[in-house]
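After this come two complexes, each holding chain A, first together with chain B and then together with chain C.
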Partner chain A sequence: MIKFILRRIALSLPVIFLIATTTFFILRLAPGGPFLSERAIPPEIQANLQAKYGLDQPLWIQYGRYLRSLLRLDLGPSYRYPERTVNEIIVEGFPVSFELGLAALLVALLIGVPAGVVAAVKHRGFLDRLTMSVVLAGISVPTFVLGPLFIFFFSLTLYWFPPALWGSPEQLVLPAITLGTPYSVYIARLTRTEMLEVLQQDYIRTARAKGVGEFRLLWRHALNGALLPVVSFLGPAVADLVTGSIVIEKIFAIPGLGRYFVESAFSRDYTTVMGTVLFYAVLLIAANLVVDVLYKFLDPRIEYR
Partner chain B sequence: MASILQTPADVLPAALSLRGIVYRRMRRDPWMLLCATVLGIILLASLLAPWIAPYSYEQIDLKLGASPPNSAHWMGTDTLGRDLFSRTLYGGQISIAVGVVGTLVSLLIGVLYGSIAGYRGGHTDEVMMRFVDLLYSLPYLFLVIILLVFFSSSILMLFVALGLVQWLTMARIVRGQALSLKNAEFVQAARLSGTSGTGILFRHLLPNMLGPIVVYATLTVPAVILQEAFLSFLGLGVQPPRSSWGTLISDGAGVMSLFPWLVFFPAAILAAVLFSLNFLGDGLRDALDPRLRHD
Partner chain C sequence: MPESPVLSLENLKTYFFTRSGTAKAVDGVCLDLRKGETLGIVGESGSGKSVTCLSILRLVPPPGRIVDGKILLEGRNLLELSKRELRQVRGKQIGMVFQDPMTSLNPFLSIGDQVAETLLVHEQLSRRQALRRAAEVLEKVGISDAANRLADYPHRFSGGMRQRVMIAMALIGNPKILIADEPTTALDVTIQAQVLELFRQIKADFGASIILITHNLGIVAGMADHVAVMYAGRVVEYAPTEEMFSRPRHPYTLALLATLPRPGEGGNDLQPIPGTPPDLTRLPPGCAFYDRCPFHEQHCLEEAPPLLPVGKDHWASCWVDFTAGR
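Up next is the complex of A and B:
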């Protein structure tokens, strides 16, 4: 087990290095720069700015410097917000995105799993058709339509929840539901397929023959087996939640990391862009590793090499 | 002679060719037929936009402004007085093109990669699939955003970038198929008779994997269309005055409480297309999945 984890970490290191290198060169080879804004800056000041951040040096020297500071886990100063470092921006923005993502995941599980179980039990019945159609409809409406729609109904018409901004628990509700809905859909489908499979297995018949109540049979015996693939779906889902939250943060004016990323990309803030991408890459690799380890605990049949 | 040869085909149950499955499924499930019809109509209307659209997509009429649906503009007009129906039709061309080309790019990479990994097996397979596992855990859309922001966000770049995001799952599916097919007797026979690796791949493996590939491609198209819309919402998709369904929705969403029709029509069309594609893809996948076929 320890060996498996170490091996995975060792495999990830070159990938992280590769991402760092690729983003660095993509950004530098692209036309434009952080200080070439529409506001004309006198050439002397521009030269000074370039010199301050070492942008006047040859590319490979900049690259070397960048890698060396990465080893110290220092992502460098932000060009867009001169008095802040990228580390500070991440520390400030990420907890917000994380809270949003976690709440959305919770919403997805709370809707998705029960819906999938119901659909599987009533397989081919009316309820199955209904849930699966609702589920498909859920994927077919993009979150950036769902979000404004929710704001329109629940904030501007019914006054139930605040339409935007961040801080109070009520402000978490609408964004979390908006972000979570598409994933509840995937989870519902996955749960349904797996439940259908599990319900045909011998151990379910045995349990039923021994007189286990139908409710307990479904929600404990069967669901335990059916949830395994759902767990493995959670790894990639974290990736999607992270990217999805970019749009949600924009709609609900939430000061999360996703919004910083887009803003800094538009203003060619090299360090913030590279830092955020790298941070998310490490996060996602870690999330996938955690999910794989969790999987192993839940299903002792799986062997790791 | 001919009649003798034809008899078995009539007596035996229909072979599970892709076309056969699609046909049977459609006949049994009227909902799938409905979805296919809706999809067909929207597709055709978009393709024929230059002949159907009553106005051009960039014809501005500031005096008109944003007007609700009426007899002259039956989807209404946007804030610049452009006809929404025409813009939705032309936008469909772009959205559909992005979906199809993105899927083709992902097909090209995914099928080649997956079939090589699966057919070679052993160490090659191990290394290639570990690589895919790792790529799975990358924040792809972030890289796409970088590509689009830092280089021009041209339609071509959009095609390539979105295709690059989508090939991983395709590679996994194809690899699984190749792995299970490579020891089949007909492949062994081909190998024994001296067919080269590429020959086996293209003549024997690929035709037999076509079912799952086509089904998964049906599910990839809506995913790519949705991603284009996602990028458009961030201002990275198609640039004005051209429009895609994504840019129309994103423009409309901003003024939703004032001019609700501007978001309603494009969103409804996009949802109908995504729903139909997903419904068809799901149905076909269930039909092809041997685990689900018997019930």
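Up next is the complex of A and C:
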């Protein structure tokens, strides 16, 4: 097991290197640069800035420098926010996005799994149709519509939750639900499909023939198998959720990591783009590794060597 | 008056309501299972033998439904039980062994938990006590060192071992009746013999009545006290095993027996049954075997023959007595 984890970590190093390299060169291929803007900057200042960050050097030297600093886990200074490093930006924004992401994940699971199970059990019944209609609506309505709607109803009409900002638990509720909804409907659909599949299995019939009750049947015999695909979906989903969503962060004015993703790309803030992309990649790899390890506990047939 | 049967099916009808029509998988089956005996049910695929057995525990999957008849377990009609009462019959009064041990065990639960579960849902026992009983029963069905294998998962067991686990699972509740649906079909021939030997031993040790479904006449000959032959959802002949093999009275039974190799005659003159079984969604008004029957008469086409007594304890549904001229 330990060996498996170590090997997976070793294997992910080249992946990370490739991602770093690709991001680096793709960014340089994009037109523009961090210090070009509509407002004309005097050429001397322009040159000074370029020199300060080493952007006047040949590309391969810049690349070498970047890789060297990566080895020290230093993502470099941000060009847009000169007083901060990319590491600082991540350290500051990530906990917020992480908390919001986990809350959204909890929402997604707590709604998605039971809804999927109920729909499967009541297959073709009223509850199934109802759940699947809600799912369809949930998939069709984008979060930038859902967020304002939630704010309008639960905040401005019912006064249940604050409409925006960050810090208190109440402020977590609306953004978490908004962020979690698309995932919850996806999970509901996945759970339903898998559950229907599992309920057809011979071993479910065996359990029934033993006199096992419906609740125990679902809980002990069916759910485990049905949740395997959900768990593998959770790997990338978790990485997605905790790195923050610019839409949600804009709507609810949350100081998370998500906006840096987008803003840095627009402003050609090379180091911040590369830093956040790499950070996301590492999270994704880590989340998938956790999923694979979890699998071992869910499915006894899997053995890692 | 013979002893009243432990289980009797009266005019059982289980239909499958599919898009292409209603398939009459079981169409008026009457059967008795006597105490302590083994009843063999034979027939080819699709003859309704499995569905008959699933119907007994009301495990018929949709779109199948039991539409008529009675299933009397010691006089109590199982079709009238509430879900709760039914659960108390399943596993406790009637144990069931399914055909494919590779798919019939839950891959996510340990062997011990699965075998013990039958006890846990029926009796007030702690998990530890139930597991201890599970180890005992597993030992009895021939799993050595069972106590140390309780925590193992099914994928660690071979097919034959899994079938033993299935049998242990069906036996642990001490049921009056054991239904085995093709228990050896998915197994190697050598393992088959071992499992069949196990069934014989079970009958002796547990005193259970057994319904053994198979399409293997050899197994029936060796195991069953009575045989019921099914064709197109009906019992076409019912007799004591020896009588059935020596004096078959239904042309289908006769044809089935002709498919068997006989010692000393070589395997060259095995007779396949010409034709195919009828479409269960379009059963003819007359005898379902008409097309394939060498003895058919005009009358067979008009009216389906009922199951009638043709000898002592011997019933057959055929208008023609083909033994008459011999």
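By our rule, the second predicted complex is superposed on the first by the 279 of 305 C-alpha atoms of A that agree within 3 Å, B and C clash if a C-alpha of one lies under 4 Å from a C-alpha of the other, contacts with A are read in each partner's own complex, and residues count from 1 in each chain.
The working rule: a contact is a pair of C-beta atoms (placed from the backbone, for glycine too) under 8 Å apart; a residue touches a chain by one contact, two chains touch by 3 or more.
Computed from a predicted structure; not experimentally measured.
Using the contact criterion defined above for the overlaid structures, shared-chain residue A:Leu11 touches chain B, although it does not reach chain C. In the superposition on chain A, the chain among chain B and chain C reaching more residues of chain A is B.
Of the two partner chains, chain C is the only one that A:Asn224 touches; chain B does not reach it. When the two complexes are overlaid on their common chain A, residue A:Val262 makes contact with chain B while staying clear of chain C. Shared-chain residue A:Arg80: touches no atom of chain B or chain C. After overlaying the two complexes on the shared chain, residue contacts for A:Leu27 are found with chain B alone; chain C is out of touch.
By the document's definition of touching, of the two partners only chain B reaches A:Glu197; chain C does not. Touching chain A in their complex are the following residues of chain B: 130, 133-134, 136-143, 145-147, 149-151, 222, 226, 229-230, 233-234, 246, 249-250, 253, 256-257, 263, 267, 270-272, 274-275, 278-279, 282, 291-292, 295.
Residues of chain A that touch chain C in their complex: 200-203, 205-213, 216, 220-221, 224-225, 298-301.
Listed in rising order, the residues of chain C touching chain A in the complex are 57, 59, 61, 87-92, 95-96, 98, 100, 103-110, 117-118, 121-122, 153, 155, 166, 169-170, 173.
Against chain B, the residues of chain A that register as touching in their complex are 11-12, 15, 19, 22-23, 26-27, 30-32, 123-124, 136-137, 139-142, 144-145, 147-149, 152, 156, 193, 196-197, 235-236, 239, 242-243, 246-247, 250-251, 261-262, 265-266, 268, 273, 276-277, 280-281, 284-285, 287-288.
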